[in-house]
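Consider the two complexes below, in which chain A is the common component and chain B and chain C are the respective partners.
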Partner chain A sequence: MHERLSQRSRDASGRSVALKDVATIVVFAVAVALLTAWLDSGVWLTFVMMTLYATLLAQAWNLLGGFGGQFSFGHALFFGTGAYVQAIAQMQGGFNPWLALVVAVAVAAGVGAVVGALTFRYGLKGSYFALVTLAFAEVFRILALSVGFTGGGVGLMLPLAESAGNMQFGSRKGYIALMLGLVVAALAVTAWLRRSRFGAQLQAVRDNEDAARAIGVDPWRTKLGAITLSGGFMGAAGAFYLQVFQYIDPAIAFGPQVSVEALVGAIVGGMGTLWGPLLGALVLHTLADLTRNLFGALPGINLVIYGAVLILIVMFLPRGIAGMLDRWKRS
Partner chain B sequence: METLLSLRGLSIAFGGLRAVQDVSLDLAPGSLTALIGPNGAGKTTLFALMSGFLKPDSGQVWFDGRDITGRAPHLNARAGMTRTFQIVQPFATQTVRENIAVGAHLHIAGRGAALAEAERVAARVGLAERLDQPAADLTVAGRKRLELARALATRPRLLLLDEVLAGLNPQEVGEMIPVVRAIAGDARAGGVTVLMIEHVMQAVMNLASHVWVLAQGELIAQGTPAEVTSNERVIEAYLGRGTAARLREAAP
Partner chain C sequence: MFGFDILFPSLLNGLTTGAVYALIALGLTLIYGVLHIINFAHGAALMVALYAVYLLKVNWGVDPYLALPIVVPGMFALGYVLQRAVINRASHGKDENILLVTLGLSIVLENLALIVFKSDTRTIETAYTLATVQIGPAFIAVPKLVAFAGALLCAGVLMAIVARTDLGRAIRAVAREKHGARLMGIDVDHVYAMSFGIGLACLGAAACFLLPTYYVNPQVGSGFVLVAFTIVVLGGMGSFAGALVGGLLIGVVESLGGLVLGESLGQIGIFGIFILVLLFRPQGLFGARA
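Up next is the complex of A and B:
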């Protein structure tokens, strides 16, 4: 009887923790929506949009890198896949962009599954996994330069056709609404990872793969699930990029810049946490904009300062900003 | 004889080192037995071969009437064979409760139910007070208990314990022995068969009904604890060639 009572209270407390995550995500979404409605400066709206976009990149990377411990250096692979599928489905397949988004996410997730099946099948870990993902992204970049349907080095330009049905919004606010939806989806998946069997197994594989195998966790399937999810969200970010900037070329799609932005955001914010990627994206974007505005007259200085702050954060906050806040809260 | 686990002529070599040579043994269901031997005898390698972490060069492993030679560890765990590690391997960033729940998740899908199961298992190994501590904060004795709890949470039918008592002080060993006995004791009713690698002879004498002795990759003796500890080949394997004779001469 006592046992049953204590189990019930624990289930309830487990549920209340889950509810807390859901509540914070809802509060976050409402706050961003209100802020967006209230803002009318284009500069600030762009800031909100790009921060949300960077959050999605970081959160997508976090699903595999933070929760699964598999550090990819080539997440642009999924980003570029998403962007190109979004463009090609519309321009050559005649798809509605909303439908194209679904296809882009599915194809990027599929690319994630294939890459994961190959690399995890052969037990690639650590720097080997990082190098192989980098190589995959480079192969895709060269392929995109070489084949016809990607437009080669010229890239693809999405024809202008402004309407919500076309996922081309007249103002930043429409794009923010779309990106907010994607970020909330990524946050919801992360919150689920934190209290589900799959998430527990994924974190066990991250912390100690042999120990996890000994107690019945299949590391291959677990990591495969994580890279598929991660690839899907990264593909959504790529599709979003295409809709906003209406242009994609192989260097933007598969170059290292997106890969780095994704992993730096997650590492600075706090790997394996729910809010770390958002904090990382926010801090990094603020920092980048500040240095650009303050030192714009001295080209390059902003990057030097940006880099120096990055090094400091990685050196002194090994668990990222979220880890630091967590420590404060406890002490 | 009814057997749960059966090894048939198991061998593996690493380069020129023949780590395990032609080992055959049978475990009866419900038994609590021990595998002993000097350092480097191949005991942990034998565990790795049983549980699927290593594939043998030759020979077979049969579990519950099926040939499982070289089958992946997670599939063996699912079938009911779970091992622990001599060098404890906690999920360091997670709490004790979360660590044990990973084991419980093998058969329990729900998060709340797995966490509740973790709590029950923690009580069985004496970790109830430490449920919310990060695993990294546990003492060596605590980590050994955690290693045991995590394996136990998978509801094994066969538990392979690799030196759960190593590195513990005499008092901690004294506390741990009843825990292991209780697990195997639930056994005869519920069904946990235990094979333990152990150096602490106090525990072996206390717990095991049957002992296998491995030296330089080969099984050199078996029998009750009293039998093997008086066996000349065993004494020589531990203390060096000719020791048994010298001991006999020295005896009054």
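Up next is the complex of A and C:
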């Protein structure tokens, strides 16, 4: 089913596998950078940007759901936290957006740590964990609607001030560079998870929590680490969303759409893999764009596709696209 | 803080809403108790039932209460087919998969409704929409009283089916020990699908009772889904009595919470209960420790 721990040996061959990961990540980054420099159609640049953005959502979910086996239905909780902190730090705290990004990631990771500490402390898993994360996201959505400093249902609009120092770029290319940096960071963390002691412990907890405990792994601390990392990357995605669209409201920030996109991308691509989230994001965005061209911009059509693809993947390819490619390679 | 004149109507209002919540939660808890799965598409299925009642009324003038014999069997059939054709097939025997498939179903259903009906909120007009009766210092809408009585009646019928009929015996046997039940000659897949169908039939009845005083839009189900889960968790997963009491309790909490904190913050009370119960008493008020 999953990679055997014994295969992940720490000898010279293990080091060469790690080098291979680094090399593929560098090749990927250079390829996207070259593609972006070469493209000049706004439609295609937007496609690249939104696919990278969806990749980051799926990667963030994958850290906890794929490697840790904890399925969150409410990852928008961290996304929305990141987006609102990014907005409020700039508009009410006078922070520079680059500094605000650091704060947004830290606060989102902190929310992840608090939620994780509570839920894992009391041993919630499976369906219960999924429902509790959803409930937390709903609580934050209602709070964002009700308290003053979030602007309530009207939302917050970031004042336009175009310059790289303000993290507001004149063209899509600047945003793609920023997002590429975030995606590469997430890929690096994922590659580290696959090789490191912490990652091995996390996967052991996912595969059999009791057995992991018996060999001296602390499941609580391990899962807590994963949800904190996952929350931080999700917060970065939220902050990025705010900088691109310069607007956030409670439904966008904490509503189900983002949670669904993160989860479906990771599951379709292949949970617990390095490149699965990218594959999932690419396939889903291609499908969504194709249907938009075929049927016009019907509201909700892309989510119909996401839901249908999710059902089909769980039915026929439980290990996602990455798992299918892996099987082809081996046979 | 508030006098009896304000609290009493609010309490009655909460009880009438709570009875419908209880009916919705009974369907959910039946599915959980038998299949040991969380039906995440429960809210979306309620939305489908509400649109069915709405369309029957608007296109053919069928009164929502007279729609019961159409919508309830219709929802039962939908549930039976969904379980046999989609959920059972996709599960590969793993609970996480069922959770994901029912999530996928809810996304598809909600957004199909968005495409077909747009995001408009729709209501229906009946002769009795605005009729009220006086109980003590409170004026209660007649459809709400009907909903209260109807929901409790349906809950009673459901419990009688499970307690007294052969089907009910089969359902309880499968819930307790599915391999043993299979060896005794019970068609487990059929019982699964029947349970899922009955669970959705409860939603059909709830929709008929709700719509005269409520509304329908594509997102209406997501509001109910967490409320229903809260009730089921509060009452103890799989416990019928728990779902009934939990439903009434949550209805009252929502109504009184709304009075004290305002509409939107009142909702937080429900999610707060949900999170607290899951953290500190996951077996619920009536459930046995799993």
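Following the convention adopted for this analysis, the second predicted complex is superposed on the first by the 307 of 331 C-alpha atoms of A that agree within 3 Å, B and C clash if a C-alpha of one lies under 4 Å from a C-alpha of the other, contacts with A are read in each partner's own complex, and residues count from 1 in each chain.
We adopt the following convention: a contact is a pair of C-beta atoms (placed from the backbone, for glycine too) under 8 Å apart; a residue touches a chain by one contact, two chains touch by 3 or more.
Since this is a predicted model, take the numbers as computed values, not measurements.
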**Asked** Is it chain B or chain C that touches the larger share of residues in chain A?
**Response** C
**Message:** Quick one: is A:Gly307 in contact with chain B, with chain C, with both, or with neither? Answer first, second, both or neither.
**Reply:** second
**Request:** Report for A:Val183: first if it touches chain B alone, second if chain C alone, otherwise both or neither.
**Result:** neither
**Message:** After the superposition on A, what does A:Ala76 contact: first (chain B), second (chain C), both or neither?
**Reply:** neither
**Prompt:** Thinking of the overlay built on chain A, is A:Asp207 touched by chain B (first), by chain C (second), by both, or by neither?
**Reply:** first
**Prompt:** A:Ala135 contacts which: chain B (first), chain C (second), both, neither?
**Reply:** second
**Complex interface listing, chain C residues touching chain A** = 37-38, 40, 86, 89-90, 92, 95-97, 99-101, 103-108, 110-112, 114-115, 118-119, 218, 222, 226, 229, 233, 262, 264-265, 267-268, 271-272, 274-275, 278-280, 282
**Request:** Show which residues of chain A lie in contact with chain B when the two form their complex.
**Result:** 3, 6-7, 10-11, 14-15, 195-197, 200-201, 203-204, 207-208, 210-219, 272
**Request:** Quick one: which bits of chain B touch chain A in the complex? Just the residue numbers, please.
**Result:** 51, 53, 72-74, 77-78, 82-85, 89-94, 98, 101-103, 105-106, 108-116, 119-120, 150-151, 153-154
**Message:** Under the definition above, what is the set of chain A residues touching chain C in their complex?
**Reply:** 71, 73, 118-119, 122, 124, 126-128, 130-132, 134-136, 138-139, 142-143, 145-146, 256, 260, 263, 267, 298-301, 303-304, 306-308, 310-311, 314-315, 318
